[in-house]
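Two complexes follow with subunit A in common, the first pairing it with subunit B and the second with subunit C.
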Partner chain A sequence: MIGANLLGSSFGGVLAQIEQTPFVRPHIDWHAVAPELVLLAGGALVTVVDVIGLEKVRRIIPSLTSLVFLAAFVPVLTLWNQQGDLPRVMWDGAYVVDNYSLVLKGLFLLSGYVIVLLSTNYMLEGDYYDSEYYQLISASVLGMLVMTSARDLVSIFVAIELVSIPAYLMAAWRKRDLKSNEAGLKYMLMGVFASALLLYGMSLLYGMAASTKLTDIAAALSIGESKPIFTLAIVFTVVGFGFKVSAVPFHTWAPDTYEGAPTPLTAFLAVASKAAGFVALLNVVIIGFPGQADVVEPLMWVLAAATMTVGNLIAIRQTNIVRMLAYSGVAQAGYMLAPLAVFGDRPGQATSAVVTYLVIYAAMNLGAFAVVIIAARKTGSGEISSYGGLFNYAPGLTVAMTLFLFSLAGIPPVGGWYAKFEIFRVLTDGGSGAGVSLAIIAAVNSVFAAFYYLAILKQMWFMPAPDGDHSRISIPPSLQAALGVTVFVTIVTGSVLIGPLSDITKLADLALP
Partner chain B sequence: MFLNQFLFLAAILFCIGVYGVLTRKNGVLVLMSIELILNAVNINLVAFGSFNQDIAGQVFALFIIAVAAAEVGVGLAIVLLIYRNRRSIDVSEADLLQG
Partner chain C sequence: MTSLGILAAEMTNTEVWVTNSFFLAIAAVSILAALKMVTTDNVVHAALYLLIVLAAVAAVYVILGAEFAAATQILVYIGAIMVLLLFGVMLTRAQIGSETDLDHDQKWIGALISVVLAAVMGYSLWEAFSDAKLPDNRVPQGTEAVADSIFGIYIVPFEAISVLLLAALIGAVVVARRD
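Moving on to the complex of A and B:
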């Protein structure tokens, strides 16, 4: 009874608090939220055009969606040009637009654009609903844009759900196909469960800090009372994000979902959705837990070491190229987690290394998936053995795939080596035992990884075609464009554009505003 | 001062929910177990908000209720899809993809 009274009276207290403070319209910086607003309006436009035009507009919906992504990219550029005004802070520090969020917004919009290019022919030629697919992609990318600026538990939660819920639907897109159903089911159950664990951690963080803002949580954590509860909250939060970025031992959904889902969507999950998980993890860890390195670093060390090792060891024995790329993606997530194992002394450098890796990883992995989609148009198969003789009938495609695989393996001069170099640099710079040992594990893993990437190269360059079929592959214009963009970015990020890239990703400490 | 009871209730609900997710084979029951976890979170948030005299906890709980409804809507749609295609919603029978 007393408990009920107490609760009643404190509800009264809270209500009184609301009545006392008159509503003040918060300041909204329209320029700063322009990328999100353009994408939102564009997504709504695509929906309306689809509802009015139905079958007549079916063919223009993909082009319209890609134009929306490019239109939303314009305000990102104008914001980047007005460097002096950054960071733009809104809603009492809950929403921040700074260099870090602009780089990632650009990355997400361009990945969304390439995914639409990859999807166009796949969706038109299969018997699928396609307009809704593009609307859901826009919604999911909108969630990613919000994620890059979210500095508050509520907006991080809403953003991560806005990214995930459309993706659950799209994973099960091939309605009559049992494999696609199963992919959707596994992804949805694991995703929702992960969100629930994450929320439990967030509720404990909120309870201890009495605020949902990450900077307030950082301040409350640094006082150092109630350490056990905070540790519990941090562990739940990191485990929740571990599912989202497919870190071992929470990776089991990833290969199944990747294999069963439509291949363009697999590229979306493996690149954009995973990057969104990393962005959320970076926001929470770098801004929310800066003083808790003694709890977070060992956790990240174990996750990173387990993720890269298990991912690579299982990838070696895969015979299906999509599953192999899925496990390779798990291993790459391990490299991206590694800088967080030493973030305590150099949060800025660790953030830069992860963001650099995300940019290059997006280009090379999207490219590899583009080649898989193109090759499947002829062979209709995802087995690695079906890539035999590819060099004889599609030399250009083989060279492109070779570049992507070299990049994934980290062989200069294509992008991947620079991404790995940044990771090794942040790990070894401090000279701490944890960092150096993790760098050694990562180096050994890179050798393992080269083994299975090179096995595909051997198949493409030296093996005969499985049934002697040497007819050429026709590559539709949208896939040519996707291939062109990804090849270009993969090459220049490893050679001529290293300087500009390192300038763009040189990020100040996030926790400042 | 009476915070403990609420946190204890939430912790018990959370544990029941996690147990349900890990052991149940029926797709709908797994979703219900996840709802239990989300309700544990809501109890936590409202209790903390009330204890700290802060409105943000209740607002966060409202967001969770709304988003959870969307999640379960999508979840049930996928479970229904599975039921139509294989006349069963046993998640342990969904094992076409392995390796």
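Moving on to the complex of A and C:
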């Protein structure tokens, strides 16, 4: 009897209660989403051309992909020109195009362009499935573009998966090499585990705010006293992102993955994919958690200090240059996490410092990887000892590598010092004990780091070539272009362009809708 | 199908009681099945216990009036993922039937961590939500509302997911292909 009653009243309830609200087509600012749309269309074009042309078009696919990245860069420039301080807000605040997202979109598109330049010869000569590789690269970069504008949890999660899943597959691209298989598998398992933690944290955030929008979450976390559940949600979310940016103690996948993956992809993971993780972290922490700064800041302090120290200590012991760059990338992630340990008072300044670091880090690290890829074409090895005598037979390459290593170590006048300077400035400006102590730890670490960067310099400039082979290295045009772009950016960001760079990265407060 | 379409405010006491008993029964079944899933020594049985857990989650969605989530849960998890899992067991060299060497020496550490984690999460959730009530004016979340939000504020992630699936498909073909 109860059943019949229930059924009857349930149907009555449905008819009475669900109001048939007509679907309102959301307003779409087509100019604002043009970079994403151009990349989407271009990626589809690459796929279609590949499917139709097969082997005949194999050689033009890399050029086509790099043109797509440059084409998508055009609307970023036009948007930047039209942009006042007022952000373009779409979908009820879920998607925002502001100065912050435009700078990062430009960074991701140019990084993608350089990655394609780095990959061209590697993929063509290595007998891989190369056309598919470029399709996955463009899909992953599309995820990064979406990430820069995403201001709600669903978009952020989908974007981070769109960045990661093609990367898991590309890490295993050298199919006949067991190390590459290991790289792909390790990266995927750890990444999926991190995604599960991240989703759990996000579901708790949604449970408290009843909304996926970061501004609503910020409002829900700001009222009343702090509850254990807030801390739990924040810890799960930060740990999930910690895996993506390879922060210690969640870095264990990085060295094996970096060593086993195809080297251009390693550059992609170490630069673009890590930067995307940082963008996600910035969005969520700066916009979503300002009300819980006293929970987030100590967490970030510990993560930053552990990440830079452990990364540097292990990097010193490496003999393989790719593994060394991997651990040095872990340490650099520690510097980039540091401003988030004091973000509560100065969110805008902390954001600017991280973005500046990301831009300079991308240039110098991509450059270092370009040199590694070029040198491996001759020596076929990634061991640091194989760099002996490089100055004798490739002086230009040695000078370029010296610039990148100086930059990574933070020695003026190349870019890296300015990036570090901005970090120190954020940490010490408030004069808080936490900020100053973290700045001291960062300074000690920079000295440590210089030690292993300079060890490579010594090898290149002063040691004899291990096999006495002094034949010159031929550098194909695409690698020359990649080297040119990265050398240029690394030099100008540390000297003549500091003024404009600090203007570009002087970002408005993200939390404004 | 107890509460599908009924407003909480309109429920009689009997209806609330029936809904709650349904929920408790489903929760008990799913917890038991989850425990059996990790303790059984037969991979196929573990898969079937997982199926019960997933079906129980779908039943909870029905009680909450989220018909679309319930249907998706059944279609995707039970219909696709479980079948994939069983195919995986069948096509690989995994043993069908009991296995004796599934234990390893870190199981007590693992058990300790899960107990601590369960305690911390259980306490935090209890502290935050123990006196929370479902709002009286909630309406069942119809499929139409889901469709509106997918093509409304979630249009960007929706489009991004289609790219994600295409990329995953292309990559999976390359990696899995025999050559």
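Methods note: the second predicted complex is superposed on the first by the 489 of 513 C-alpha atoms of A that agree within 3 Å, B and C clash if a C-alpha of one lies under 4 Å from a C-alpha of the other, contacts with A are read in each partner's own complex, and residues count from 1 in each chain.
Keep in mind that, in the parts below, contacts are C-beta pairs under 8 Å (C-beta built on N, C-alpha and C of every residue); 3 or more make two chains touch, one makes a residue touch a chain.
Note that the structure is predicted; figures quoted are calculated from it, not measured.
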Which of subunit B and subunit C A:G389 touches, first, second, both or neither: neither
Which of subunit B and subunit C A:L199 touches, first, second, both or neither: first
Subunit B versus subunit C as contact partner of A:A172, first or second or both or neither: both
Which of subunit B and subunit C A:L185 touches, first, second, both or neither: first
Which of subunit B and subunit C A:G207 touches, first, second, both or neither: both
Subunit B versus subunit C as contact partner of A:E161, first or second or both or neither: both
Partner chain in contact with A:P290 - subunit B first, subunit C second, else both or neither: neither
Residues on subunit A lying within both footprints (that of subunit B and that of subunit C): 2, 6-7, 10-11, 13-14, 17-18, 154, 157-158, 161, 165, 168-169, 172, 175, 184, 207
Subunit A to subunit B touching residues, read off their complex: 2-3, 6-7, 10-11, 13-14, 17-18, 153-154, 157-158, 161, 165, 168-169, 172, 175-176, 178-179, 181-186, 188-189, 192-193, 195-197, 199-200, 202-204, 206-207, 210-212, 255-256, 259-260, 318, 320, 323
Footprint of subunit A on subunit C - complex, ascending: 1-7, 10, 14-15, 18, 120-121, 123-125, 127-129, 139-140, 142, 144, 147-148, 151-157, 159-161, 163-164, 166-168, 170-175, 179
Subunit A - residues contacting subunit C, complex: 2, 6-7, 9-11, 13-14, 17-18, 20-21, 23-24, 26, 33, 40, 43, 47, 91-92, 94-95, 129, 132, 135-136, 139-140, 142-143, 146, 150, 152, 154-155, 157-159, 161-162, 165-166, 168-170, 172-173, 175, 184, 207-208, 227-229, 231-232
Of subunit B, residues touching subunit A in the complex: 1-2, 5, 7, 10, 14, 17, 21, 27, 30-31, 34, 37-38, 40-41, 44-45, 47-60, 63-64, 67, 70-71, 74-75, 77-79, 81-82, 85-86, 91, 94-99
